[in-house]
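In the two complexes that follow, subunit A is the common piece, with subunit B as its partner first and subunit C second.
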Partner chain A sequence: MPEDKAFKNEVLRLAGSEALTCIQCGTCSASCPTANLMNPSIRRLIKLCLEGRKDEALHNETLWLCTSCLLCTVRCPRGIRPKAVVSALKEIAGREEKKSKDASYEELFVKQIEQNGRIAELPLTAEFLFVFPQGMVSSMQMGLELLPKGKIGIEIDRIRGRDEVKRIIEELRG
Partner chain B sequence: MKLAYYPGCVSQSTGKEMDASTRAVCTALGIEIEELADWNCCGATHVSNELVATGLAARNMAQTDLPIMTACSICYSNLRAAEERLKEPEVLTKVNAVLDKKYRGAEVRHALDVMLEAMPEGDERIVLPLKGLLVAPYYGCLLTRPAGLYSAEFPVILETLIKRLEAEPVDFRKKTACCGGPIFMPQENAADDIAFGILSEAKRAGAEVIVTVCPLCHLMLDAKQKILEQKKGEKIGIPVLYVTQLVGIALGLGPEELGLFMNTVSPMGIVEKAYERMGNES
Partner chain C sequence: MPIGVYVCHCGLNIAGVLNMEELKRFAESLPDVTVARDLQFSCSDIGQEQIQKDIAEFKLDRVVVAACSPRLHEPTFRRAISKAGLNPYMLEMANIREQCSWVHMDQPAMATEKAKDLIRMGVAKAALLRPLEPESIPVSKYVLVIGGGVAGIAAALDMADAGLHVFLVERRPTIGGYMALLTDVFPTNDCSICVLGPKMSEVFNHPDITLFTYSEVLGVEGSVGNFTVSVIKRARYVDEKLCKGCINECAGVCPVEVPSEYDFGIGKRKAIYIAYPQAVPLAATIDPKACIGCGRCEQACPAQAVRLEQEPEDIKLNVGAIIVATGWQPFDASRKEEYGFGRYRDVITTLQMERMLNASGPTKGDVVAPSTGRIADSIAFLQCVGSRDATVGNPYCSRICCMASLKNAQLVKEKYPETDITIYYIDIRACGEGYEEFYLRAQKLGINFVRSRVSRIEEVDGRLFLIFEDTQTAEIKRVHHDMAVLSVGLEPEKNAEVLGNLLGLSRRPDRFFEIAHPKMRPVEAHIDGVFIAGCASGPKEIPISIAQGSAAAAKAIKLLHKGTLELEPTSAYVDPDKCIKCKLCVDICPKKAISVKSPAYVDEAACKGCGSCAAACPVDAINMRFFSDEQILAQVRAATFEKKESPLIVAFLCNWCSYGAADLAGTSRIQYPTNARNIRVMCSARVDPSFVLEALRRGADGVLIAGCRIGECHYRDGNYQALQRVQVLKGVLEKIGLNPGRVKIVWCAASEGEIYAKDLREFIAELKAMGPVGTELKKLKNNRNEGEA
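On to the complex of A and B.
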């Protein structure tokens, strides 16, 4: 497969050019709480980006197993931000419109901020279950736990600055 | 001391007891708070575009000239990360171009550090010292990252606070490990394994209570605890308190004000034990 230079440069633009200094030491993988489930590993994901292997870098479960805990970023001896690379790949995947359940969750989350300025968990969960009905049973379990305690936010709280928030999301993207 | 209070979206739902206890403790300690005007969601861990995340945080920070306090580590981490990025002139210019009120710098604080500062050693307002209570100090990941204010791997501020209340921090190996929360909807099994690992480690360390600084950690460890016990076939039974709830108990505040009845694993046993111990001593 030919090296996709445009893809590689876009990752570097979004996540920082220091990624070029990666020595593949694997400190990121060794620090990652979900490393045991990742294929490719976070170390290998960086390599795929640097080799411009766009398809392999974008279409995998690894991106969605990242918990954003930033331990990779704290520990990288080269000052690379592996989590920022993951975020960059999610951003690029989002533009390509190949929808996975994980991408949908993130998209719904951002859409709700765009519309209301804040997140209300119940409508967000309901919308997510519409695209991912397999999550229904465990969501019901959680609901049964939280509802009697009055801990489910049902009302959607709309802020006054919605237009400004919408502008932030639309204009700063890209 | 007057601060702008940023409650965050969970304050209206799964983190209601975090919000209630934060407000109650601030009142008790004489910390004057004013809710941040028309605040928006910080984006949590679900806004992958860094510039957008920075813009969302900057809008919040531009609403006030006061230092901003939040009790949520996710909100805290996002505001702090944005504060750092906004030091770059290029980022600042781009962000301010879309904001109504312009960002002109900010000071962001977590309730943990605000409370510690307001409560000196031997503070007489600590009417119910939690002597002998074994507490697992659980930082989770985002309070200490981006680093700068606290060590990312060996923070001690929670232990300091626990000792100030005369309780005893246990040596908790997973104190800065991630709870798995950000992926609990789409990647449930992975998140459950991580959260159960934290709970098991707290049990092994002999903790009577786990203290958290983040509503997502709290959700994973408390609201999900019974579900996880069933799934894994192992009993844990350790209450999980927000740090503001733990401080509130030591300040003698009531369970209603602190939202203690909203916790899934009841912390009332700990409260009763503390009162009993005090009764025996006097």
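On to the complex of A and C.
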């Protein structure tokens, strides 16, 4: 695949040019609490960005598994911020509307917050299952376990000051 | 004052472009010029004889040679005129070859006009030359070596053998440094103390070495050739001369036991102790922090050497040179909390491993896991702990840790073939004679290599687990080892910081002492007469430390062996009546040559003549003996006497890099326009803002200042000072109403002739766009008038 220089430069602009100094030591991946679910690892993700392999860098679950714990950033011996690279990729993916199931979930999550100021589990799950019908069976199972324990909100609560929440989100979207 | 001017043809090198007859006639017309001649080759014997004959015949007292670069033949002509009885400093050269005929080959008429200006500038400066006498000062043939590690030992022995007398000052109670504590050393795995021990006793027994152990340097005054050093010899509470070194008698009865710093915490020693059996001098020391003063050792000592009432001694030394060999200290591994050093007993450092492997160490050579005391079945070596790590502020490679781990892994494997050994590394750096082969040997012995930087170590139920990503298989793993050895990096010795300040040594961003030039002057400090050897200037392996010790010794011998030192008479001097004691000069002097003892005083032995102080002095109380304010101003006025160029540029080039670059542009025949009139100064920091203002006032359209590239100044940081002054000056120009772009500062290395030419071309284009100097003032005036109307 040809190197996408514009993509690489955009990642560096957003995440900081320190990423150029990566020595592929793996400290970030081995520090990551969700590393065993990730493929590619954070280390490989940085390499993909540096090689301008845009499709591979954007089309993966790794981005959406990051919990922003920042251990990678604290430990990186080169002072790179791997978390910032992930955020940059999320931003680019969002801009280009590259949808994955986790991205859609995040979007619906934010939409609900924007509307109601908080989330209600059942409507959110229902809406999400429209986008991701494959998850129906497993969600049902979990839902049936959680429902009797009162862990799932059925009604939509609305908070006061929703306008303010809306304004904050708008501001963040720039 | 009769001046002789000699215009050189240099075969056709100059005469092929410039009109020699015109230049000669022009020179004759200048004030004070008694005789002007054109010579075929002025540097030849015939040419030199002609100059000498004229000196005698016309009673010339100064000479201008318009020929090649002064960097080439200034010494030749200085010798020639001094043979004819003139002071060698009564010579000025006009560079009409490298900076004129060779770079303006296709514009002979303009080049001839430029050459006339260069000659006029040369004559103007020559008229103000003063005879200078190189001063010769007696120097001490004693040398101080600070630090008794392997580099200091090598330096001390070489100098003492060559006939200098050496004072060796060591902070610890024994010399030998870290090398004395190591087990076998790479790449030949020979015993460290077996090769160092004999050198240590040679130092002790050498008639020309005076050894001060347990001593520290507290003060340094003076300059090259004559330093006065104050040293404190701390009380060791034992008479060094009486102690026989039997140690068992006194230490056997001592009731206090503390961790031994020579075993890095894994061994113990008593309050009265000898660091290790091969210590030099072999004399006990009482640790005042541990001693409870019970006096049992005093009673037990058969030689009656214990002196509990001993006082520290103050010693004054006079030396001609100082060698700094203060070495390094290991990175504190507990700073990397994720590795658990200090919390997990089985996590140790390289140095603890060295002591374990050492037959005279605390485990007598057994490699045991500290928590169990049993031989370890599997050992992990973790590379780059405290090196190549921005999170602890050490981005540099410590250079020796890869090899040290390869070596320790081999030693363990040879001793315990069943032990499983893994080295976790980012890159294996095995660059040295026989080093790559050493790496091969380790691989053949069956040592495992995993390309990974371990992220953290966990201890679960007393078992260590390493968590890492094997970057070659892209797997995240959690693996058990009985023991983890942290390959700690090298840091500059903390105790040497004060000493560095006393001597005025500068530090690199990595905090090690900076050498005068990163390639060409590897063992010299910025301060004359001070040399740096071994790890004080950065991590180094043993052979290089020894080579540096010997190199520093050779430099000191070269400096002192004659017993006298000739000083270049080009230093700064202070007019005591003008000095206001503001101390600005003290802070900026890169050689620490100025002190303010009401008024400021320049130590001419230390001054290298960069002239930054003269440019900085707010009341013009400092001037230079060579490149004086008056001489440079005379050159500026001569350059702007007749404005033949548009734009006309007055350029100040530093002697080392940019003047060299302009010369190189000439030897490379790079062609550029004739607009600039170059003035040579020792450093870009010499350029006093008043020179620039004078040039602009007299009609120059722009002033160019060129210095060495940032970070490469031959006087440490003169170019930064020049930059700072130019920035202030730009503000001043703006206030006056002149375009601040009329003064420009550029950097070029001596190898960058093309860059010099490019910078000049760009500046010419910028100045053309601005129009002649003063255009902006007229515009300003018109605007104002319009505003009033």
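The criterion applied here is as follows: the second predicted complex is superposed on the first by the 134 of 174 C-alpha atoms of A that agree within 3 Å, B and C clash if a C-alpha of one lies under 4 Å from a C-alpha of the other, contacts with A are read in each partner's own complex, and residues count from 1 in each chain.
Note that in this section a residue touches a chain if its C-beta (ideal position, glycine included) is under 8 Å from a C-beta of that chain, and two chains touch if they have at least 3 such contacts.
For clarity, every value in this text was computed on a predicted model and none was experimentally measured.
Look at A:V131: by the touch rule set out above, it reaches neither subunit B nor subunit C. Contacts of A:L58 after superposition: neither subunit B nor subunit C is touched.
Within the superposed three-chain model, A:V74 lies in touch with subunit B and with subunit C [touch as defined at top]. Of the two partner chains placed by superposition, only subunit B is touched by A:K151; subunit C is not.
Of the two partner chains, neither subunit B nor subunit C is touched by A:L12. Contact comparison for subunit A: of subunit B and subunit C, B touches the greater number of residues.
Once the two complexes are overlaid on the shared chain, A:I23 sits against subunit C while remaining clear of subunit B.
In the superposition on chain A, A:S41 makes contact with subunit C only, while subunit B stays out of contact range. In the superposed model, A:V110 lies in contact with subunit B only, and not with subunit C. The contact surfaces that subunit B and subunit C form on subunit A in the two complexes overlap at residues 74. Within the complex formed with subunit A, the subunit B residues making contact are 9-10, 12-17, 38-41, 43-52, 54-56, 59, 94-95, 97-100, 141-142, 145-147, 152-153, 176-178, 180-183, 185-188, 190-191, 194, 223-224, 226-227, 261-262, 264.
Across the complex, subunit A meets subunit B through its residues 14, 33-34, 37, 64-71, 73-74, 84, 87-88, 90-91, 94, 101-102, 105-106, 109-110, 112-113, 117-122, 125, 128, 132, 135, 138-139, 141-142, 145-146, 149-153, 155, 157, 159-161, 164-165, 167-169, 171-173.
Subunit C meets subunit A in the complex at residues 338, 384, 388-391, 426-427, 452-456, 467-471, 474, 476. Within the complex formed with subunit C, the subunit A residues making contact are 23-27, 29-31, 35-36, 40-41, 43-44, 74-79.
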